[in-house]
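Naming follows writing order (A, B, C and D), and every chain is counted from residue 1.
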Amino acid sequence: VAVLDGEEHSPRSLDRVVFFADAVFAIAITLLVVQITVPQVADSGLRHALGEQGWQFFSFALSFAVIGNWWIAHHRVFNHVVRVNERFLWLNLLFLMSIAFLPFPTAVLGKYSSTATATILYAGSLSAVGLIAGAIWIYASSGHRLISADVDERHIRYFRLRSFIVPLVFLTSIPLALVDPSTAQYWWGLVIPLIVLVTRRHSDA
Amino acid sequence: VAVLDGEEHSPRSLDRVVFFADAVFAIAITLLVVQITVPQVADSGLRHALGEQGWQFFSFALSFAVIGNWWIAHHRVFNHVVRVNERFLWLNLLFLMSIAFLPFPTAVLGKYSSTATATILYAGSLSAVGLIAGAIWIYASSGHRLISADVDERHIRYFRLRSFIVPLVFLTSIPLALVDPSTAQYWWGLVIPLIVLVTRRHSDA
Amino acid sequence: VAVLDGEEHSPRSLDRVVFFADAVFAIAITLLVVQITVPQVADSGLRHALGEQGWQFFSFALSFAVIGNWWIAHHRVFNHVVRVNERFLWLNLLFLMSIAFLPFPTAVLGKYSSTATATILYAGSLSAVGLIAGAIWIYASSGHRLISADVDERHIRYFRLRSFIVPLVFLTSIPLALVDPSTAQYWWGLVIPLIVLVTRRHSDA
Amino acid sequence: VAVLDGEEHSPRSLDRVVFFADAVFAIAITLLVVQITVPQVADSGLRHALGEQGWQFFSFALSFAVIGNWWIAHHRVFNHVVRVNERFLWLNLLFLMSIAFLPFPTAVLGKYSSTATATILYAGSLSAVGLIAGAIWIYASSGHRLISADVDERHIRYFRLRSFIVPLVFLTSIPLALVDPSTAQYWWGLVIPLIVLVTRRHSDA
């Protein structure tokens, strides 16, 4: 498809790309609630039934935070992007596909939280999101292909480093999940201190 | 996450935040209808089956009005916001999570309208929306952190007061629901005269 | 709520209102497909099962055309609106509620096409959309309250006339449906020649 | 409806049309995931159940790519459109209807992948999208009716040619599907080399 790569797009194009991504994010994040099933029980059993759905609520909140985080990250990257080409549109679509897919592993994890399979499906899906996000940034920033000339090398490296935290944590959780799924799920919590660490080093330098 | 709080965002950022919120509101409000189940009966039983769904229609309309009201409120607040930072983005996401969650308690209330559990779930969810909305306004308006310098103190106080009407009414309905769910549901009606009262006092002053 | 009616909104407000409405329309129109059920049969029975869903496809297409038509009408009205107030925001929300509700009567009609109940539910829902749309135009155009001073009286009257075609046809179909549902459904077809007639008289004058 | 065709629309109109289309695309593409069913099995059967859903994942990815491709194509066309009229709005709605319908044949193909019926339903649906897209371009570009005067004839012809690749491949796959569904599905792969070929000839000329 190298042949498709030539044409540069107009400013309206960039707005549409940003808009389209925002809409996919908004829909994926709002669809998460549809996966929480309304209990089908007698009136007196409702409280107990809701109690049993604890994991569904937790995985709703977790995936909301995760998708929200990627939305903010997309935001941060696109603040620097000044032009798009067709290959970039396709990379962006691939990224959105990985985002739009997330309600499914979320629902599976909500229902089968104690299994290795559901844990690995979730970890694998999030790693895919992270790897594609990293690839987009590398593509856009290499030789300032699509980003503003103002962005300095240090900032580019910081974004690269930051993009690989999520795949790193989630991929390494996969072997853990084979041994014990709930250990793997605690492991995911590492994402937060690692991001704080990388961000702080960047701010200090 | 104090370390994330430094960076100020560009005007396009603010537009994207507003847009993203609008999209989440639009989707949550439109998804409410999906929770109304299509009856599975013989042709002759359809009229009766629809009649039995009365509460589903009522809770659809109620939640539409509630989400619509929050959308208008969000609107009103963002008319004064002139810059955003990362902490504000996260508060905004938390607010949107509470909005996106509403179709679930709506569906539960539609199906189990006479139970204390469904009434409390609904009241609790709406209180959470209101408390987060109040927190956002306090964060954005303290020392004019993110809002325009034009907004005067009296207006800031009015918005603060107004944000706490919904949590006040809905939190106080929770003990009532334990005694009698339908009394608690009538109690919710207090929101309207209280808002009119607060708004009138503000306009008169 | 007269007290809420004072404040005029900024241009960004109008953009958000238009945007929000477009999003609700887009979601309602796209959700229609979710109501078409995927058959659960043996492989060999698929063709027959799809054949039996004929009415579901028809009501999908009908409602798509209907919602699309209202979107174009909303478009046409908002081309003339130059300011909004809080009462108008609520009227607009009421209108959007009637639009967002449409996937439900569509699904019921798709499943119970030969019943008077489903036919009346559909006709009543569309009449409600039309009456609210008419009310919005009357509110916005009276004394040029919210519309541009450029719009002449003849154009205002034409839009008023036009808004009442849908409620007229659909309300009159309700007594017909009690006698024979399919006659009522053919009656709906009157909408098209009536709109052409009114539009032509307006263009000629 | 020729009578409706007179009025030209303002720039805001064009923005709304583009926006509305983007929203429908975003929703249709994100709804695809809702069609992937969460397995209802014992914990130990989850891995096997997910394995059996292979075709659902494949048809999710395929339809994501297909809708994404049409979004990019819509993009490309609308970069040249400078005005809209009511007939064009309706053609655009018809196009969006064919897009919004796609989650249904996708779900059917995901569930009944080995049947001729599902294969033909999918091929027919995609052909319809392609034919309508072609018709829109012909309508907009004839005599530069709605497109910028800058667009040269060679570019117009290239877009016409390109629009008919998808219908050509998918319509010719229908007789193949009657003989052997999986051959028809491989046949669809022809789309990619044909697009590359047409694009390359256009770039070289």
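The criterion applied here is as follows: a contact is a pair of C-beta atoms (placed from the backbone, for glycine too) under 8 Å apart; a residue touches a chain by one contact, two chains touch by 3 or more.
Note that the structure is a prediction, hence the values are computed from the model and not measured.
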| item | value |
| --- | --- |
| Minimum number of chain-to-chain contact steps, subunit B to subunit C | 1 |
| Euclidean distance of C-alpha centroids - subunit B vs subunit D, Å | 37 |
| Centre-of-Cα separation between subunit D and subunit A, whole angstrom | 26 |
| Multi-chain contact sites of subunit C, meaning residues that touch two or more partners | 19, 23, 27, 31, 34 |
| Chains that touch, pairwise | A-B, A-D, B-C, C-D |
| Complex contacts: residues of subunit B adjacent to subunit A | 1, 3-4, 6, 9-10, 12-13, 16, 19-20, 23-24, 27-28, 31, 34-35, 86, 89-90, 93, 96-97, 100-101, 103-104, 107-108, 111-112, 114-115, 117-118, 121 |
| Subunit C residues touching subunit D - in the complex, by the definition given at the top | 18-19, 22-23, 25-27, 29-34, 36, 38-39, 43, 46-47, 50, 60-61, 64-65, 68, 71-72, 75, 79, 196, 199-200, 203 |
